[in-house]
Amino acid sequence: MENILEVKELKKTFYKNKVPFQAVKSVSFQMKKGQCMGIVGESGCGKSTTAKIITHLTIPDGGSIQLNGRETLSLRGKSLRKLYGEVQMVFQTPQDSFDPRCTLGDGIMEGMRNRGMRKRKAKERMYELLDMVELDGGFASRYPHEVSGGQCQRAAIARALAPNPQLMICDEATSALDVTVQAQIVELLKKLQKEQGLSLILISHDLALVQNLCDHVAVMYKGSVVEQGAADEVIRNPKETYTQMLVDSVFGWESPGRRQPFIYGGVCPAGCGTA
Amino acid sequence: MSELLLDIQHVEICYNGRPVVHDVSLQMEPGEILGIVGESGSGKSTLIKAAMGLLGDSGAVTKGDIYYKGQNVVDADSHALRNMRGPAMGMIFQNTESSLCPIRKIEDQLYESVIQHEKVTRNEVRERALELFAHMRLTDGRRILNSYPFELSGGMNQRVGIMMAMILKPDLLFADEPTSALDVTVQAQVVKEMMKMRELYGTGIVIVTHNIGVVEYMADKAAVMHEGNLVEYGRKEEIILHPQKDYTKRLIGAVMRINRG
Amino acid sequence: MDEKITVRAQKIVKNRTKFKMIVFGGLAVLVILIASLAPYLTPYDPYEQDLSIALQPPGGSHLLGTDRYGRDMLSRVIIGSQTTIFSALLLVAVITCVGGAVGIICGYYGGKLDSFLMRVSDIFLAFPGMVFAIAVASVMNGGVMNAAVALACISWPKYARITRSQVMMIKHMPYMEAAKLSGSGTFKMIGKHVVPNIAGPVVVTAVLDIGTMIMEIAGLSFLGLGAAPPTAEWGSMMSSGRSMLQTSPWVILAPGCAIFLTVVIFNLAGDTVRDVLDPRE
């Protein structure tokens, strides 16, 4: 099975009031087609920035990204728009990811219209997509603030599926949702992955979610990947101290060999100083 | 029979005439930890605000009563409530930083709130604060006291919140989503620190959260709320490991659980 | 009991806003209609002179009296509304578009272009308003259009600033990123997503500015830098009636009251627009 995505040595520094902040220091990983990959880490570790670099929303300072063997960072204009048809993203706060002045239907059709589809055909496809995400056709004429978080996120997934992308990135797509709604969206993503043969990247701070859903995981800390491997393996037998710390911090029950959350009260052994 | 720390009896709460909490009854013994879980719109935060007397102008308890150690909280006037908050009832919120004055140092705000209730010197207040920080295994307490809220991280601010709530050694601590805005590792530390407070001072804690894992770890009793109703209530082992009601089963079943090696 | 009162109060506020919108909005529309149809509404020819009936007090066949050349005041006030109101509306439209465009470019692109354009607008802001307008208007030898140009020069920076800060607020919203991922180009992003979402505060400012601009154009005309005689314009009419305040007050009071009423109506309409567009909903 070939690699759908190859990320090498990504670097990105942001400047706030002339003070540099290295959001991404060195990120490298590969992903096979049809896989579900998780990128986990805490706030400020650079996982969202990495996602934005892969979707070309942010230009990195260094490194390379190959999608299906083609270099993507140098793309501009028409070929860049073609890239947007292959990589799509679902954002954390569903209501904020839709223009408050447009209906959900308009938002879903925007990409299709941009690619030159005729209005009638786009509308047909839009209803197909709504059906795929288990939303009633009536949602097309509703506004983002009129629907619940879960419904809005389904619409966002429909919008992301519109161009038949090969790779879909979910940036904390379930974090802002209620527990039961989260479970429904996760089920939907699983179903879509199977039906559409989608490759998925899940950005999350929720280790349990990643273990349940992903084949592969990369653990990020302060801009670098500290550990990566098979999701279940990395979480059951973490090799790095930071990964161990993350795993130990999760509150769970009914799991064999349950451990007490570990306190470091200040400085973690690797000098991470998360406190 | 020892006096109940908190006694919520058949409470109905309305916002702008609309009932949002229906017929909820809960009891807490001194030193107990009660976890209230629910999704958005379940009414859990509203219930806690009512118990703290913080409903504001648009909310009111329209039926039932809430007693703190036999004293009626709903009917208490603002003077009596002010005396209760602090030495009797402490509070920690989701975002401590936004409940602190941004342009004054921690120590100044701390001292100002303590002298409302007790006659103490600045040094005594500082000593108590440092002692509490030490219990939380923080060694740079002095630096924290000398900082402004915006200079501290989210986790540190929450610890300041715990310290400020505990400094008057209240019998009951209300915590409304105290760890939801924190990173996973910091969340674990803060939860452990809250439990230490119960260990040291026998403080009862009411924690409102959507994170069932936290309730499973720290609570003695658990209450599940859904759309303003109390769906299930009892010892946490029974609620979480052997849920009876459909909604509780659905809620517990929806939680992703981690499998450690 | 308290809850019921609050709910009722909210309903009353909502209805009152609707009521105000109908009344003041309607009045503003009426004023604009009068200005549009002015030539058909004048009882007499506003330019016809008849020295035999000069300076007649209000009453009888001349409701607002006559001026020193025997021209009917009411007719002159009605025809004057055209010049005054339309030049103010045009002026506001121009500065909203120009200032808005500059603000959107600055906010959207940022960087050196932003710094440069903001310094340019700072230069224009640094000039004392009316003084600059007087200077420009006199250099360009008067006339209403030139007065309007002068006022436009000093008024556009305000709109640039408002739109710029609004654009910066929404630039990084997820829906902007989602639109980019949909392949929307810059023009589509600005036209479909930026402009509708920043329109609120801009529209409110613009409507409120109509009254201000009416006053400023009238002011410049009063100083002799705007409309030239025999053009009927409220400000210049007030200027020519100034010397007769004690003997024939209606000559200055009629246009003065017209300015006052019109500005009040547009200001109240602007307030209601603000109430309606308020994110209280």
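In this document, chain identifiers A, B and C correspond to the written order of the chains, with residue numbering beginning at 1 in each.
The rule we apply is simple: a contact is a pair of C-beta atoms (placed from the backbone, for glycine too) under 8 Å apart; a residue touches a chain by one contact, two chains touch by 3 or more.
Predicted model only: the values in this text are computed from it and were never measured.
Enquirer: What is the identifier of the chain with the smallest separation between its Cα mean and the overall Cα mean?
Expert: Measuring from the global C-alpha mean, the nearest chain centre belongs to A.
Enquirer: If you count the contact pairs for each chain pair, which pair has the most?
Expert: Pair with the most C-beta pairs in contact: A-B.
Enquirer: If you average the CA coordinates per chain, which chain's centre is most distant from that of chain B?
Expert: With centres defined by C-alpha atoms, farthest from chain B sits C.
Enquirer: From the C-alpha centre of chain B to that of chain C, how far is it in Å?
Expert: Chain centroid spacing, chain B to chain C, equals 55 Å.
Enquirer: Would you kindly tell me how far, in whole Å, the mean C-alpha position of chain C lies from that of chain A?
Expert: One centre to the other, that is 49 Å.
Enquirer: Return the distance between the CA-based centres of chain A and chain B, expressed in whole Å.
Expert: Centres of chain A and chain B (C-alpha means) sit 33 Å apart.
Enquirer: Report the residues of chain B in contact with chain A in the complex, numbered from low to high.
Expert: So the residues of chain B touching chain A come out as 39-40, 136-140, 153, 155-156, 183-189, 191-193, 210-214, 216-217, 240-241, 250-251, 253-261.
Enquirer: Write out the stretch or stretches of chain A touching chain C in their complex.
Expert: 52, 55, 57, 81, 84-85, 88-89, 91-93, 96-102, 107, 110-111, 114-115, 156, 159
Enquirer: What residues of chain A sit close enough to touch chain B in their complex?
Expert: 42-43, 178-183, 186, 205-209, 211-212, 232, 235-237, 245-259, 261-266, 268, 274-275
Enquirer: If we count contacts the way the header does, which residues on chain C are in touch with chain A in the complex?
Expert: These residues of chain C touch chain A: 173-175, 177-185, 188, 192-193, 196-197.
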